[in-house]
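Comments concern the structure below.
Chain nomenclature is as follows: A, B, C and D, assigned in order of appearance, with residue numbering initiated at 1 for each chain independently.
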Amino acid sequence: MENLIALLVAAPLLGAAVLLCGGRRLDAVGHWIGTVLAALSFVFGAVLFADMLGKDPEHREMSQHLFSWIPVEGFQADVAFQLDQLSMTFVLLISGVGSLIHVYSIGYMEHDERRRRFFGYLNLFLAAMLLLVLADNYLLLYVGWEGVGLASYLLIGFWQHKPSAATAAKKAFLVNRVGDVGLSIAIMLMFTTFGTFAFGPVLASAGDSGEGTLTAIGLMLLLAACGKSAQVPLQSWLGDAMEGPTPVSALIHAATMVTAGVYLIVRSAAIFNGAPDAQLVTTVVGAVTLLFGAIVGCAKDDIKKALAGSTMSQIGYMVLAAGLGPIGYVFAIMHLVTHGFFKAGLFLGAGSVMHGMNDEVDMRKYGGLRKYMPVTFVTFGLGYLAIIGFPGLSGFFSKDMIIEAAFAKGGTEGWILGGVALLGAAITAFYMTRVMLMTFFGEERWKSRPTASPEEPSAEPAAEHHGAHAEPHPHESPKVMTIPMIVLAVGSVFGGAFFSIGDRFVHWLEPVTGHTHGHPPVSALTVTVATVTVMVLGVGLAYLQYGRRPVPVVAPRGSLLTRAARRDLLQDDFNHVVLVRGGEHLTRSLVYVDHTLVDGVVNGTAASMGGLSGRLRRLQNGFARSYAVSMFGGAAVLIAATLLMRAV
Amino acid sequence: MSASAVHSLWTTAAEPISKIDPPKIEYGQLSPTLIVIGAAIVGVLIEAFVPRKSRYYTQVFVSVVALVASFAAVIGLAAGGYGTTKAGIAAMGAIAVDGPSLFLQGTILLAGLLGVFTFAERRLDPAAHGNRVDSFAAQAASVPGSDSEKAAVKAGFTTTEVFPLLLFAIGGMLIFPSANDLLTLFIALEVFSLPLYLLCAVARRKRLMSQEAAVKYFLLGAFASAFTLFGIALLYGYAGSVSYATIAQVVDGTVPQITPALADTMGNDALLLVGAAMVVMGLLFKVGAVPFHMWTPDVYQGAPTPVTGFMAAATKVAAFGALLRLLYVVLPGLRWDWRPVMWAVAIVTMLGGAIVAITQTDIKRLLAYSSIAHAGFILAGVIATSPDGVSSVLFYLGAYSFVTIGAFAVVTLVRDAGGEATHLSKWAGLGRRSPLVAAVFAVFLLAFAGIPLTSGFAGKFAVFKAAAEAGAGAIVVVGVISSAIAAFFYIRVIVLMFFSEPRPEGPTVAVPSLLTMTAIGVGVAVTLVLGVAPQYFLDLAGQAGVFVR
Amino acid sequence: MNPVNYLYLAALLFTIGATGVLIRRNAIVVFMCVELMLNACNLALVAFSRMHGNLDGQIIAFFTMVVAAAEVVVGLAIIVSVFRARHSASVDDASLMKL
Amino acid sequence: MSFPLLTATAALPALGAIATAAVPAAKRTAAKWLALIVSLATLALAVTVLVRFDPGGDRYQLTESHSWIADFGVRYELGVDGIAVALIALTALLIPFIILAGWHDADPLETGNKRWRPTQGFFALILAVEAMVIISFEATDVFLFYIFFEAMLIPMYFLIGGFGDRAHEHGEETAATQRSYAAVKFLLYNLVGGLIMLAAVIGLYVVAGNFSLTEIAEARANGSLDMATSTERWLFLGFFFAFAVKAPLWPLHTWLPNAMGEATAPVAVLITAVVDKVGTFAMLRFCLQLFPEASTWATPVVLVLALVSIIYGALLAVGQRDIKRLVAYASISHFGFIIMGIFAMTSQGQSGATLYMVNHGISTAALMLVAGFLISRRGSRLIADYGGVQKVAPVLAGTFLIGGLATLSLPGLAPFVSEFLVLVGTFARYPVIGIIATVGIVLAALYVLVLYQRTMTGPVKAEVAKMPDLRVRELVVVAPLIVLLVFLGVYPKPLTDIVNPAVEQTMSDVQKKDPQPEVEAAK
């Protein structure tokens, strides 16, 4: 049974290899190969899951050792897998949602002549992501970690002919690299501290080392998590990542890859438990990002970017929860899973809307679409209710738990974090309602629409398939796209309830992450009530602003905050001024230095030699008598020197 | 034959003479020299009696035979152990026949042989009025550009005297390093210098430069030899004798019987030091060490290239041989006085030669300066004052002379309307026109630069090793630096030959006869063999590294 | 008379000759100065010979004269040919080759 | 006396060089094929060496020893340890690809001149370099090593100065001058380094009396030969300087960008992937073995210089406008990693450094050769002249990207393994330096991705619109390299198994132990 684990990774990897090396002759069937292999790895996952359920909770962990990877004196890195409940959760999420999105993409990418390659990249991503969650040591995890980074780079930049896409891809990879520095330093620290970096021994002996070391490792891991999960201060890439095709945004930048950071933290629970400071920083990062993303989400008119902001903020919740320690780990993962469902659903819905709207992404040019694309409307709506935490739907449970846990942190911290979480919930409700209203309700602003507004470049290549400026004829998407949306919608409705009833999920994960029940200063019921009320407030506020009044097609100038939020709270501008410009100046000056100084010294020496030579050779003036003089002088010196030698 | 010998001849004149016992001359051990000198005299007679047409062939024949025979004699002596076990003083103390002298004589003779080949080359210059001509003036006496010259050229005259002159020079050079008293030293110096002065003057093309070279060389040479002679006088005054052995004894204070006069002069070190300095200066002039080097570039440039090649190779060998013997046999007791001075000379020579060469534009002058730099390297070996020092210097001289002759022989090939095209700009793109010649020249340049797998590297390593072992680390470092500088201009020539576009009006490469080919071929062969497998020759030099006194 | 005086004289002559070489332009004169230097050597040699009471010095002196004669032969030949070519016996005029 | 395998491995390409040079002018293609076949045969021999080498066996194997120049105490001594074996294999492996990639680089423009045979020369020189590099990897006699270390400059010099890119953006005239400038710069830098080393070599002889690496190391170990500390340090500096120039280490690096920029891509690969490795190899073999104390004494300075090289090289790579120069500066940064790994004095660092030499060779070859194909199509080295190539030549772009990803050491590709080992090894002893060096990986991503974005993505430039995709010959060159990159990235064990014992030896030479993990140290 263990041997199936490798197949989980192998299947999509094989798909990637075949599709990318296969060449044009596979164009016809490429997408089917990809989808089948993705589904295959889901099947393997399911089989293993069934097997795992068969065992008793304490002994569910399986592992498979393939081969010794880097054997060097005192340094053992193996290619070995470990499948426990935590990994299993991810395996199912990744391969499941992954397969659905493969199916969806068949329809979505139908008109793209490079569809085969697209599926190749998707498979590559699945393989890397599964490797990430299945690795039994940090170095192998690092491979998956960078692997998903590569896949996301390739997919964000899939439409490479668009400079904006290429730039976004590069940005995403670079920001992630900054995070990777953190991960590699963390691994080095582990190596010097524990002499190994396999999960087992490291986490087991975490207690033996000083809190200082653990804090350092923890912070480095957090840095890595920030990079991958788009947490402040490394969040800037996620918004631009929406340049990629929508399925990519759904799979990588909503459901799976961006949550890898949460996985990393939860996986390293033992280390964080030993480093309260690191945990505190984690919660702070989570809280800040939570608000940051939410605020950005409120201001965006680009539907995908609005959703991206929301993703950021939701992951903020998870990180916050993970930072809370044993009381939060489980809920972090739980929210991660439910979020995986509804956010993927929302993105697919957005994709389907764009599909019907000539790839228009500006919500101000939507409106009243509910009667044109009912299925999309329903599924999107369910996802919407789920994310705002409408009682009974999955978002409600997971988010509520996190807020409780936040309060349960106790002390002022607890109050602050809880408050922030609540506020976040309110804003979430607001911006999601805004999206909902602007897209599916109100007048149909897309009729006789002006040309695409310049400040928001359309994410999809308008010229690619349909006529660019033809008036759109909104229509429902084909079955192959709607079915996955329906499935995800189902998940986002019942997932939460299914997990929380009888603390199923808690019991499932407890053996891995451990769990302690927090005791909020106020009763759980109060928290729930508060959550619901702020949610209702948010919805109401949004309704007043976007439901009652017509939405202007051209965005109003808006308040200072709005404008800042539209520009991702100026964080990009900051990067541009400080990092990009500064870096350019630095490199330019260094090039100059290299050319003039380092090279100059050498050339200077050569030149001075030449000058010296030129001066000396003037002595050779062609007059025999001056030669005689030099001889005479030489003789004199020679004699004098000889006598001198004797004298001294 | 030595002065004391002559003296003993006369001082018996007072009493009635029963019999005059003749001076004892070891003809066998002197045979190399005697053969060459004899052949030179024959050459003079040939000039007098053999009809003009056949002179050239006769002269070449005689010279080659003489040199080969003489070389055979050297080999015979060496094989007979005269270099090692049977080494001794010949001709009543005038000549030392030992390892160094035999080794150097052999080298000089081979260089001379190749020299003869290049002298005899008649394919390079376009035939004048149907007569093949060599690189020497039709009639040296005739004024350049005058009618008489034209007439001489028309008549197809050639200066076949160069061959006897060459032989005389070689004869002198053979004696120079093996001279065992100061008088012989001086005579040998003059015997090989005077013919060289003349040889410099007899170029066929660019005669004014040739004559100028001769004048400069002559005046400065005479000036230098005057110094040498005065130095000899002072040394004689100090030691009361001119024989190396005696002087050495006096210097060490181990002289058997001390006359009052001797006791008087012995106390006066000034005589010794000044004398030694002046003699050494004369020799440094010949090897072209800074600051006595200034004749070198002009003379090398002006002289007919075959002469330059021969001179550059053989003169250095002979002069360094003499210098070695003087410093190692006569003045070892004075080591602590002359070593620092020689250090200084070696350093300025290495650096000076290398630095000034950087900006040269004429290939012959370039090689001249490089030869100065090499003189510096050899001096580094000389000051080691150890057997290793001697053998390394011997090896270096052997290696260097072949490279030099080969290089100058190549220079004779590259010609344009005005004769040899020696200006560097004309060498641009030679590698495209005739890769082979360029490649050969590149090999010589790399050898000069001391790149591994060439004889230059082995030699350089040998002398530096000797110097380092003698504790002259500073010399080694300076030597290394100046070789780096030197590398720069050797590389420049290679760049010019291979990487710059050929000029349309560029020179043509004349196809030489077998003679020059041999010279160049031998040069290349020796360069590579000594570079790859120097062991045998190092052994040779090692065995030859002991002076007799 | 103190033999050392002869040496002083020799040294003086030698220096005069050397100076002449350095300052005179005419090649012939320069050459004569060289001869003067040689003769200074001869004087020194003879003086030492007398001092030490052996004949080596005097014999060297004879050789020196021969050498001087030989140098005259060669030197004059060269100088004369240069003179005929350039119509000037000035050493400084012969400076085609420099640097 | 068994078959002299090592000699054969070095002699074969040498003879091949002579044979190739002798091919008449008209038979250009024959010369190419001859060279290719010879290089492949050499590869076969190298593989034999690899197979015959027993990782568990003696330190130096397949040894040969003959007296050569007794007067200089020089012997013809060959022998290989794991590191040498790996590098010989790398060299022999890369040369065929280099030859194949440079197939048309030396076709003469005017074929009239019967004497001028550039093609023959080009391939003969490449083989000559191979021979010299291989023998300098095999030499266990310092002098023997030195001779070929120096001699290999000459053919390299002609390769750089004699053969440049077709269609140069500034025209042939300036190209020629730039080329010869680069060639002279290359030669003088290395010659100066070599001459300074010569002084040290002589010094070593004066101290030790012979040049046999094994004997001297032996004598050092058992104390029968003790050098004064100052002497040892001077000698170390003399050796290290030469190797640092060759490697190249900041601030002695400026010859590399010129050389790699002006030379054709295959020659550039020859420089950085093969010849420069001799420098780093020699640090590992000679500096550390002959002068252990001095090496440890110099470690801080060397590490700082290496660190500067890493960051500085990467930053300058970011600032380049010329593809080849960019790769050159990237290489400088990578050599910084190698040297850092060597002098970190930990098993991970040194194994990593050795692997790094191999991996860097392969990855740079992949990147540079593809870049060469790109340049040969457009006739320009300026990044700005490209754009959107990915659209017209996807395979070329793909291979280029893979080469680039290898260069930024993406996990799963070979360079990652070595780079991480070096970092870990350094971090274990010098945490701060290790951390700063880690920043290098971000910069690496920056210059690679910027290069890829500017050349391959975006709207298709008019000049590249007609650009053909990789031809079969070019694919044959690139594909195996990529396969190798992936294989060694996933399963480097075969390589590490060979390298580790040698590294342990070196560690014991410098009498260093790996620092213990904190936890165990605490216990």
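What to note about this one:
The rule is simple: a residue touches a chain if its C-beta (ideal position, glycine included) is under 8 Å from a C-beta of that chain, and two chains touch if they have at least 3 such contacts.
Quick caveat, the model's predicted, so the values are computed rather than measured.
The chains touching subunit A as well as subunit C are B. Among the remaining chains, A is positioned farthest from subunit B, on the basis of C-alpha centroids. Relative to the centroid of every protein C-alpha atom shown, the closest chain centre, again from C-alpha atoms, is found for D. Interface comparison, B-D versus B-C: the higher number of contacting C-beta pairs is recorded for B-C. As a whole-number value, the distance joining the C-alpha centres of subunit B and subunit D reads 46 Å.
Each chain gets a centre from the mean of its Cα atoms; for subunit B and subunit C, those two points are 24 Å apart. Computed from the mean C-alpha positions, the centre of subunit C lies at a distance of 65 Å from the centre of subunit D. Measuring from the averaged C-alpha position of subunit A to that of subunit B gives a distance of 81 Å. Annotation for subunit D: residues touching 2 or more other chains are 188. Residues of subunit C in contact with at least two other chains: 18, 21, 30, 91, 94-98. Shared contact sites, meaning residues of subunit A that touch two or more other chains, fall at 606, 617, 620, 622, 624, 628. Taken together, the chains touch in the following pairs: A-B, A-C, A-D, B-C, B-D.
Per the touch definition, subunit B reaches subunit D in the complex via residues 391, 432-436, 446, 451-453, 457-458, 461-462, 464-465, 468-469, 473, 476-477, 480-481, 483-484, 487-488, 491-492, 495, 498-501, 533-535, 538-539, 542. Residues 215-216, 219-220, 223-224, 227, 269-270, 273-274, 276-278, 280-281, 285, 290-292, 294-295, 297-298, 336-338, 340-341, 344-345, 352, 355-360, 485, 488 of subunit B touch subunit A in their complex. Within the complex formed with subunit C, the subunit B residues making contact are 3-4, 6-7, 10-11, 140-141, 143-144, 182-183, 186-187, 190, 194, 197-198, 201, 207-209, 211-216, 218-219, 222-223, 226-227, 229-230, 232-234, 236-237, 240-242, 259, 261-262, 264-265, 297-298, 301-302, 365. Those residues of subunit C lying in contact with subunit A across their complex are 18, 21-23, 25, 30, 91-92, 94-99. On the subunit C side of its complex with subunit B, the touching residues are 7, 10, 14, 17-18, 21, 27, 30-31, 34, 37-38, 40-41, 44-45, 47-49, 51-57, 59-60, 63-64, 67, 70-71, 74-75, 77-79, 81-82, 84-86, 91, 94-98.
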